[in-house]
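Paired with chain B in one complex and with chain C in the other, chain A is shared by the two complexes that follow.
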Partner chain A sequence: MHQLWTWVFEPGFFSSAPVRVAAVTGGVAAVVSAVTGVFTVMRGQSFGGHALGDVSAAGGSGALLVGLNPLLGFVGLGIIGAGVMDTIGVRRVRGRDLATGIVLGAAIGLSALFLYLTSVSGATTGAPAQILFGSIFTITSATIPAVVILSVIAVASIAAVWRPLLLSSVSPDLAAARGVPVRLVGLLYMLALAVSVGLSSLAVGAILSTALLIGPAATALRLTRTVGWALAVACLLGAGATWLGILLAYDSYYWSAAHQGLPVSFFIVAVIFAGYLFSGFPAARAAAGRRDAAVPPPASPAHEKIAA
Partner chain B sequence: MFAGFMMNTWAVATIVAPVAGIVGFFVVLRGSAFPAHAIPKGAFAGAAGASLLGISTLLGLAVFSLLGALGIGALGRRGRSDVATALALVMMLALGAAFLSRTTQYEPEIYSLLFGEVLGVSSTQLLPVAALGLVSIAAVAVLYRPLMLSSVVPEVAEAKGIRGRRMEMCFLIVVALATAMTVPVVGALLIFSLMIGPPAAARSLTSRPGLAMFLSVVIALVTVWVAIAASYTCNWPVGFFVGGLAALSYGLGRGWAAWRHTRATPAAAPRLLAAADRA
Partner chain C sequence: MGLAEASATLPDVLQVGGVSVALGGRKILDDVSFTIGAGEFTGLIGPNGAGKTTLLRVILGLQRATAGTVAVLGQPRSRRNPSIGYVPQKVLLDSDLPMRARDLVALGMDGHRFGMPLPSRQRSEAVREMLHAVDADRFADARVGNLSGGEQQRVLIAHALISRPRLLLLDEPLANLDLRSGQEIISLLARIATSQHVAVLLSAHEMNPLLPVMDRVVYLAAGRAASGPADQVIQADVLSKLYGHHVDVLHVHGRVLVVAGTEDGEGADLTADHALEAG
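Moving on to the complex of A and B:
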């Protein structure tokens, strides 16, 4: 029994300070991302969610250059980016796609410049990899309070516009007909998204920020029939995948004789991706069953429930 | 600026820009900005893997960009396509992070693969880039009619027996080809700007597809040339100028369209209606 225990949790896992900080920050980022992610997937704004990660990374590299607090850079430029996307994006999905792309392209150009200037000034090495990939194991415990406060703000602003946001995500036309200020609600949602994405890009890196935003939410929306359940399942999946990934990355250090661990972001993304693939099987079976019963398949179970 | 060692750079840029302008025209038309961003960015992982195995970077990029295109197409069959794109992208990037953790001394190379290194093109790169460029242009030429039809009026295309999904897959493969050839030169992140900015600007200048494609190529060429000249002069990364100019050309295009619209509204309402009918 003891052997199995030490085989699963290699020695020192629970007493390691970086692991504890990573587990707390990663868990918080996973839960916030899951909450905003459910709406992101329902609204079909995965591109925007991903782009905001890159935009806030540009802010992070800018902050690195001028010596500001990186959190300020990440969240600040993320919010500006969200505002610009919302302003130039017309409401059609294709126009939004294009507006997102233009803002993203400009932000990437800015990142290139900031990272170049940083490398010229010779202040830090490894800035590109750090900004782009991040590492959950290098967070210091001092960032935890800021991360928690911003997470609470993001979740609270989603909770504040919960019903109109839900209605306008499922059916913008119906929401507009009922007098919901669709545009304003959309902007508020984008701002909450920017805060949560900026936060998770800083905490867990730009790759993981998109993975945590989209993966658990998309998996949960496939598995459940109401938005409430989807939220709960997404939070559990996100936090679970993060912790499992941290454990695997910690253990991977002992897998090879040379003690070359694999990066934690690789494991978390792999767990999330596998979860999404497996969730496709019951959904496909259900769809096949519905086809047998000669009922036209609904667009998405979760949406149907709310509309009804 | 036109010294011997710069000639390769000008040649490669002059090959890359038309390909990006033409493929990008369809990217904008189909609203596939996300896959056009995801495939080059994910393909970057292939370059990291290739350097780990000690094989050619171009091969790694080609394999990973094709894998990315196929993955996005396959995942999109069963779920929302933007979700599929996002998840395929993060999975490729995670693999890239794993590859990078195994190599050492890779920092400057990561930077140049992501943001481009136009100023150090070797003449051995010229031939593969030109070949892949020709292949992608030829693919667009072959697919031109069905691709146009399925992009603009998907219902009519389906009625004529053009499968939307198959067309999407073919198109993603064309994007992957264009990616593999351009990433080593302009970088994974900037080829995207070049595929979005110039075509979007061209589309707001004219509604005729042929003319728009031509304008898109012209704007892409000007963007790349100006970016290289500026980068050579002040030593800032070429990616910054490409990204900035692409956004600028889009802004100017939108501004021009809006200005023409406000001028046209009172006097030329009938003509606009006719144009709307044609569209």
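Moving on to the complex of A and C:
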């Protein structure tokens, strides 16, 4: 029993400070991403979410270049990017593609510049990998308060516009007819999305933030029938995948004789991807079952007579 | 105040006065005027591109009119008008939308409110009643995206009605339905119009299924409108004036057929879809 335990949790896992900080920041980022991600998937804005990840990359590498905390850059530029995308026209489906493409291109260009300048100045080694693919074990506990505050802001914004956001995600026309300020609600959602992408950039890297945003949410939407449940399942999947990824990465240090640990982001994304693949089986079965059972045939007149 | 007295002093549910709309430099609606009284069932009839959707969006306040006024219950229309319910022409409900029929109906009640809904017995009871009123009980818990077109239409009608509007706007609700489902929706709407005392304005390019239930018709063609009881509006001279060229109104096997020729005067050259769909 004890052997199994130490085999799963290699020595020092629970007492390691970097692991604890990673578990907190990663878990929080995963939950926020799951909450916004459910709406991202419902609104068909995955590509927009990815573009914000690239904006975050530019922000993070810029912050690194001038010696600021990358989180500040991730979130700061992300918010500006969200505003720009909204202005160009992220609301219309056609305009959305356009806005996404333009912002994404500009952001990657900026990242290339900033990362080049950073590597030339020689201030930090491994900066590109840290910004693009994350290095959750290097986060210091001093970052945790900022992470928590940003998370609370993002989740509270979504909760505040929950119903209007839901309705305008289903149909902007229905929402507008109910008097919902569709545009304002959409902008607020984009800002919350920028914050959540910034947080997951910190956890798994700017490029991989899309995986944390879309994966758990898409999996949850396959498995559930109401938004409430989708949200709960997405949060569990996101946090679960993050923690499992952290554990696997920690353990991977002991796998090879050379003690060469593998990147956390790889494991987190791999677990999310596996989860999505596996969810296909029950979802397909449930869909087949729904077709048979969810909509029973209308009661025959004879039945109604008997009931009456 | 007695009921008769009350309804005598009630303003019209909807007054549209001289509404014109220009889009992209083109005049879509030109001086459209009509009124709808409480509980009346009105058909908004016109060929594709006549401006039906545009007119409904003006009434809702989603589209700005270049000229004219819209008054709802005697008040100038405001942005949020709880006394209007709306079923848009195209609502694409994705099959992986995590939403049951009853959830979508509930959003009709409080979708504009901020914050998250608290579980409420009263709320779910109101939703259950509304679903029952549109015969949607048996798919109340199915995902909306998996429902058939006719079933979705019922759910959307319930969504629009649950806020107890005095006017219900439906944009081509029969467009994707087979004859039988169409008839079911029409009789459902006629029943609700009477029992809940809600005026119905329903757009369609095919008027025949509506003839038994319509109190009035608003006929749109070439951006202009004629309104009144169906038998007075669906006349060759009225519609010819509207179209701006000669139009025939044929009665075939108890159905009405509007045969609108082209402006070049080739009478035989029907504006085909309209004539065919009207038959």
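One rule holds for everything that comes next: the second predicted complex is superposed on the first by the 279 of 308 C-alpha atoms of A that agree within 3 Å, B and C clash if a C-alpha of one lies under 4 Å from a C-alpha of the other, contacts with A are read in each partner's own complex, and residues count from 1 in each chain.
Operating definition for what follows: contacts are C-beta pairs under 8 Å (C-beta built on N, C-alpha and C of every residue); 3 or more make two chains touch, one makes a residue touch a chain.
Here the structure is a predicted model, which is why all the values come from computation and not from measurement.
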Clash or fit, chain B versus chain C on superposed chain A: fit
Touching partner for A:A211 - first (chain B), second (chain C), both, neither: first
Winner by number of chain A residues touched, once chain B and chain C are compared: B
Touched partner set for A:F13, first chain B, second chain C, both or neither: neither
First (chain B), second (chain C), both or neither touched by A:Q260: first
Partner chain(s) touched by A:S46 [first = chain B, second = chain C, both, neither]: first
Contacts of A:G109 with chain B and chain C, given as first, second, both or neither: first
Which superposed partner A:A230 touches (first chain B, second chain C, both, neither): second
Partner chain(s) touched by A:R222 [first = chain B, second = chain C, both, neither]: both
Minimal inter-chain CA distance - chain C and chain B, angstrom: 5
Intersection of chain A interface sets (partners chain B, chain C): 222
In the complex, chain A residues that touch chain C: 38, 42, 159-164, 166-167, 170-171, 173-180, 220-222, 224-227, 229-230, 290-291, 294-296, 298-299
Contact footprint of chain A on chain C as seen in their complex: 60, 62, 79-82, 84-86, 88, 90-94, 96-100, 103-104, 107-108, 110-117, 138-139, 141-143, 146-147, 151, 156, 159, 163
Residue ranges of chain B in contact with chain A within the complex: 28, 31-34, 36-37, 78-80, 82-83, 85-87, 89-91, 93-95, 97-98, 100-102, 107, 110-111, 114-116, 187, 189-190, 192-193, 196-197, 200, 236-237, 239-244, 246-247, 250, 254
Residue numbers on chain A that touch chain B, as the complex places them: 41, 44-47, 49-51, 88, 93-94, 97-98, 100-113, 115-116, 119, 125-126, 128-129, 132-133, 207-208, 210-211, 213-215, 218, 222, 260-263, 265-266, 268-270, 272-273, 276, 280, 283-284
